[in-house]
Amino acid sequence: MKNKILSILLVMSILAVPVLMSGCTDSSQSIDSDNNNTGESSSEQTLVLGEMWDIENIDPASAGTVICEKAAVTETLVAANPDFSLEPGLAITWKQVDNLTWRFDLRQDVKFHDGSMMTAEDVKFSLERTMNENPRVKSMSAIDSIKVIDDHTLEIKTTETNPILAGVMHYPDTSIISESSLDENGNFVKPVGTGPYSFESFNEQTRVLTVVKNKNWWGGSVGLDKMVLKGMPDPNTRAMAIENGELDFTVDVPYSETDRIDAIEGINVEKYSTPRVYTMDTNLEDEALSDERVRKAISYAINRDDIVEHVLYNVGSPAAGPFLPSMTWANKDLKPYEQDIDKAEELLSQAGWTDTDGDGIRDKDGKSLEFELLTYAARPGLPPMSETIAAQLKDIGISVSPQVLEWGAISDKRESGNWDLVLAAYNIAMVPDPFYVLNNWYTTDGPDNTPGYSNAEVDSLVEEAKYIRDLDKRYEKFNQVEEIVYEEQPKILIAYYGCAIVKKDSVKNYVFDPTAHDYRVNAGMYIEK
Amino acid sequence: MSYLNVSSVCVDFLTENGSVKAVNDISFEMNKGETFGIIGESGSGKSVITQAILRLLPSNAVVSGKIFFESEDLLSIDNKKMRQIRGREISLIPQNPAGSLNPLLKNKLQVAEVFEVMGVNKKEGIKSVLGMLKNLLMKEPAHILENYPHELSGGMKQRLLAAMCLSYKPSLLVADEPTKGLDSFSKKGTLDLFRHMKREHGNSMLVITHDLDFALEICDRVAVMYAGQIVEIGAVTNVLKNPSHPYTKALLNALPRNGLIPLNGHTPSRINLPEGCLFYTRCNLRSDKCGSERPVTKSNKGVIVRCHLY
Amino acid sequence: MIGLEITCLQNKSSVFSLKKDGIAGKILNRKDITISILLLALLFVVAISYPLLDFSDPNTIDLTNKNLAPSAENPLGTDYLGRDILNRLAAGTTTSLSIAAGVSAISLFVGIFIGCISGYYGGIIDETFSRIIDIFLSFPGIVFALTIMGFLGSGVINLILALSIVHWAKYARLMRGQVLSIKENEYVLSAKIIGAGNFHIMRKHLIPNSVATVIVLATIDIGHVILSIAALNFLGIGLPSDIPEWGAMLSAGKEFMRTSPYQTIFPGMAITMVVIIFSIIGEGLRDILDPNDTGGEYL
Amino acid sequence: MYRYIFKRMIFTAITLFAVFALTFFLMNVIPGGTSEMILKHTFIGLEESATQEQMVQVSARYNLNDPLYIQFIDWLKRGIFEGDLGMSFVYHKPVLDLLLLRLPATIILALSSMFIAVVGGVSLGIYAALKENKTADHLLRFLTLFGVSMPGFWVALVLILIFSVYLKMVPVAGYGSIENLVLPAFALSIHSLASIMRITRTSMLETLGQDYIKFATAKGLPVNRIISRHALKNAMLPVVTVLGFQMGAMLGGSVIIETVFAWPGIGSLLVNSIFARDLYVVQACIIVIVFLFLIVNFIVDLVYIYLDPRIRYG
């Protein structure tokens, strides 16, 4: 018998060994790449980057944020300044010829990684490809047709007046690739772009993406020889990995860890605000929440500073309006609601909510003031924030039960109208233009107007702004909109989303780009020996 | 110096309910070449003796006394020595042949393995077993060795075991309850088997049984056990034809042909023994003395008996 | 090595001893079981009394005192929102035990019922039910529960449902086995002969005579149920976050593993302890009820 | 025996079909319309709400417009006849390729854990049995109690804490090298190791009480031979029977362990796909897991038959 058991085990181990062996070889590779990045073995500059999501696919038409912004393999027609004003990218100039027509003039000196020159044809090709790959771009850009005027001039017709088309062209999924990215049957193989780094390999099993320096990048010299992007969805893992020296650069370690890690010798943490805002949507169908005073009371009851300090560990900042103060078009006069319990309680009492039965929860004609606060776990800040808000609202006699659900479940509940409060983190510069957010959030039939908010004045202001081409005039309208919604609080803004950049001290010349959708790797970044 | 000499052996089992006196101060002698029987009800402790002799008792058993086998005290020699005695000098035909063969191993292997440790050439060994099987009245023995135990009938198993034991050429053969749980037909078979063994091989045999007729058939001398004690020892004819001890009488009366007179009451608890005669409560010839004082063994008309009557 | 003769001797002696003390006595003889039962009783007291007694609300946060190490006023420290860990563990007892109880209750009921039917009637009914049972058993439990939870969404009731759907099959299978063996007994046959109705026979003979074994399995299984509850909450689909639950505490705490490990360690210990208690009691009971059965391990 | 094997095949088929159907319809009633979730997870990000036209485009693209049963039948057809399990919405590649990518990881993990569990469990179990009621025995039994009671994910975290964070002996997470394998494999094996050890111990003790052991002793065999030749094989039978269940438990456990260690196997793929509503991937994963489970149990049965002549010929 013993022999038989043994033989069984033997079989098992025989099965296991070769695979393990294959594993070993993998590891040996990864190890020498480690050596590279610590720079002991070779002078080659390799940076190992811990990416915050699993790298699931490398098609810029759907995974633009990775390929365009983080791996810097592809580039978009339009770039943006830190204040979100647009600046030339692969296109030098553009202008809205008439309500439905735009004209883009392209750079003449841009080469793809396969050596071919970038022409208007390529741009037409990749934009059209993205259109039918990516529904979101299709609807944002509302492109009707693309016409090639000459090698470096395009004319784009839109189905409706679309003031933000230029902005959409900053969206990473619109980045430009060469036709050589596809095989003869038109299936995507690898991204051939124009960026400072060119695609080298993507290990589909370990989901590690490797890119190398593009020696003749139109933009000038490139800092790193090689960059290895590893998908590490768990913040803890990223933190431990950079501590153990497995990484040179990563983002969003657990917020609670930022200060501790910053203190570690040789590692530094930089905290930035990013164009995303923690927002509590209120269901205006709900009889209690439909009362502006209740919503303001809630807003006054929340201690944003405490939340930013203790829940977000200062990764982020208290929010006033939907836009970062650093954005050119933001309404700079708005200040975040300061916690003011008395005011909050006063407002509630005015609204007729008082604690008659002395159970600590306010009530009005028999119905007590209770809400369900839905949120999801995908963004680590949200669950603790929801629990904190619940606790803070309890102090003014509102009972809130926070629930962490799958986002799918949340949107279902919303569609059925069976919800009170939803805490989420919305992007506020999917496109660097205020129209997109304000229109989607606050106009009566805006697609993201989840509260069901409707204010004729807001609607008309946004509509007017649509046709104004002079930026300052447009922004004026938008500032007014911001002011109104600040007063009425249909969406209760809590805090601007933060991003913690964690990197070794040896990583130099990194420049944070707030207009990126998570973060952007800039060509200038290099490792100092 | 006799061949096997068991003198004042006691075996106690330590259980969570206290120590159980399984064998209580037993002494008997057995001569070379004779067939000695120990008879008694199940639970009388007779099988414990065989295990005591072969030192197969579990760890919770406490054994005292002396067991001399050809001038070796089996209770004092070391394990290695004991192992050499087991199988070769003394070998055991276990009760319940069915359970005594490993169900997962071919019979051949189970037969052969002993030769390995005995240093006997396997082939030779096997051959001798085959021969043995043949003259133990079994057909196509070779085939049997290729089988697994579960493919043999009870009787065949027993023969196989017997053949194994004999083929090791032991000088003493211990048979533990050979007829236990057999129907009258296979009893007959067993009987033939043992007669055969006795006639052909003439080993000394220690036969443990509760089957009086069986004992009568093959034993030269018998000891009758009750509640861990020997109550009567003598030539089989004396003991079983005209018994002295009331218990022996009772046993005989309980036989079908003697009218099946049941023995009422049951054996006393072995944890705390009564101080009087252990058979006191069930004895129909008891006197007051029996209740108070435990009888010692006395010799009487050629038999040794443990009773106040003599 | 224990021989037949010996065991039978021991049985003899224990036969006498059985008269002296019954099940209760046997339980008392086993210190481990006694202790675990006491502990369990204690847990139940906590679980039941906790909501009634006026402890401080386990959800009250104190952001300035977050991630504290154990101290006088927070014996097990505080969590990432400054909530008292001990307090939340205690509250978690209520959650885990009540849900586990719910699950066992439902799956016991369904399991016994189906197992009994299928075992008693046999034939095509048995075939069908057995197949179904096998199919359910061939899902690795946690995977199944995970999928169902994904579909039902989080919440106490849903959790109980999901886990019951996963667990009932074990009981059904065991019950079926029991019934198959029992229904051959004379008293069942005689009951049939005197024309007792099927349900009467099940109610009066089959279920009473087989339920003990099933209960034992259930006791051991409660441990597994508690583990599954924790696992699901750990994966983030279990209960709303205002209900303190050990697995959820653990997964929330893992972010602070290095700065304050207590949020990870203590809930884990709590789970382990409870599971241990249940398995000791369950297996102890099994040993006592039928010493020569090792079945529990197989399921 | 061949009849038996045949029956088993049939049953496997039935079960798999049931699993197909069950998961397919489960997945389709999960909150969040499939097309909407695809949009959110692949194109527009969770929080943005999808416009009607976007949904239409997606539904058309992944032909989600047909009624469920049609989708199901199509999917079955393609699955069985063309080995095409559909496209992953998230990974933009055929599910089959995805599985082939992820399966090895899970198999390595499961096998190595099983290896640890069996070797460790059996040897410790025998040791404990031979040392019955000695200190070693009591200690081992005490430990196994913990082994079967500790939540796997907790063990995993504690292991990470000790060996990765404090001792920095092995990487935190990842895939590719032995160092990566150690912690997950160990964390995954503990539970099975403990229960295998228990069973081995119990059945070993049971076997040692058997008459053939006593007879073997009476035959004068040395102890170690008695153990190795007579006790062990018999004691292993019950152990073999539970291996199947243990494998199932491991496949289940791997779902969590893989998630904790970011191990790129079927388990973690399943969890992510459930969250991302990657419909076909979820189905495929569950089916693979169930299939592995059935296969293992089948093999176990064969081994058992092979070991026990009474069944083989009986």
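A, B, C and D are the chain letters, set down in written order, and residue numbers restart from 1 in every chain.
Keep in mind that, in the parts below, a residue touches a chain if its C-beta (ideal position, glycine included) is under 8 Å from a C-beta of that chain, and two chains touch if they have at least 3 such contacts.
Every value quoted in this text rests on a predicted model; they were computed, and no experiment measured them.
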**Prompt:** Considering A-D alongside B-D, which chain pair is linked by more C-beta pairs in contact?
**Reply:** A-D
**Prompt:** What is the chain whose Cα centroid lies farthest from the Cα centroid of subunit D?
**Reply:** B
**Request:** Please list the single chain whose C-alpha centre lies closest to the global protein C-alpha centre.
**Result:** D
**Fill in**
Distance in whole angstrom between the CA centres of subunit A and subunit B is 88
**Message:** Averaging over Cα atoms per chain, report the distance between subunit B and subunit D in Å.
**Reply:** 54
**Complete:** Between the Cα centroids of subunit A and subunit D the separation in whole angstrom comes to 36
**Item:** subunit C-subunit D separation of Cα centroids, rounded to whole Å
**Value:** 22
**Prompt:** What residues in subunit B touch two or more of the other chains?
**Reply:** 51, 56, 96, 99, 104
**Message:** At least two partner chains per residue is the criterion; list those residues in subunit A.
**Reply:** 1, 236, 406, 409
**Message:** Give me the residue numbers in subunit D that touch at least two other chains, ranges are fine.
**Reply:** 30-31, 160, 165, 211, 214, 217, 229, 233-234, 275, 307
**Request:** Under the touch definition given earlier, write down the residues of subunit D that touch subunit A in their complex.
**Result:** 30-32, 36-37, 39-40, 42-51, 53-55, 57-58, 90-93, 97, 101-102, 104-105, 107-108, 111-112, 114-115, 118-119, 122, 160, 164-165, 168, 171-181, 228-229, 232-234, 236, 262, 264, 272, 275, 277, 303, 306-307
**Complete:** So, in the complex, the side of subunit B touching subunit D is made of residues 51, 54, 56, 83-88, 91-92, 94, 96, 99-105, 113-114, 117-118, 148, 150-151, 161, 164, 168
**Message:** Which residues of subunit C touch subunit D once you look at their complex with the stated criterion?
**Reply:** 1-4, 7, 131, 134-135, 138-143, 146-148, 150-151, 153, 223, 227, 230-231, 234-235, 247, 250-251, 254, 257-258, 261, 264-265, 267-268, 271-272, 275-276, 279-280, 294, 297-299
**Asked** For the complex, which residues does subunit D have touching subunit B?
**Response** 210-212, 214-222, 225, 229-230, 233-234, 237, 307-310, 313-314
**Message:** Which stretch or stretches of subunit C touch subunit A in the complex?
**Reply:** 59-61, 63-64, 66-67, 80-81, 150, 153-154, 236-237, 240-242, 252, 254-259
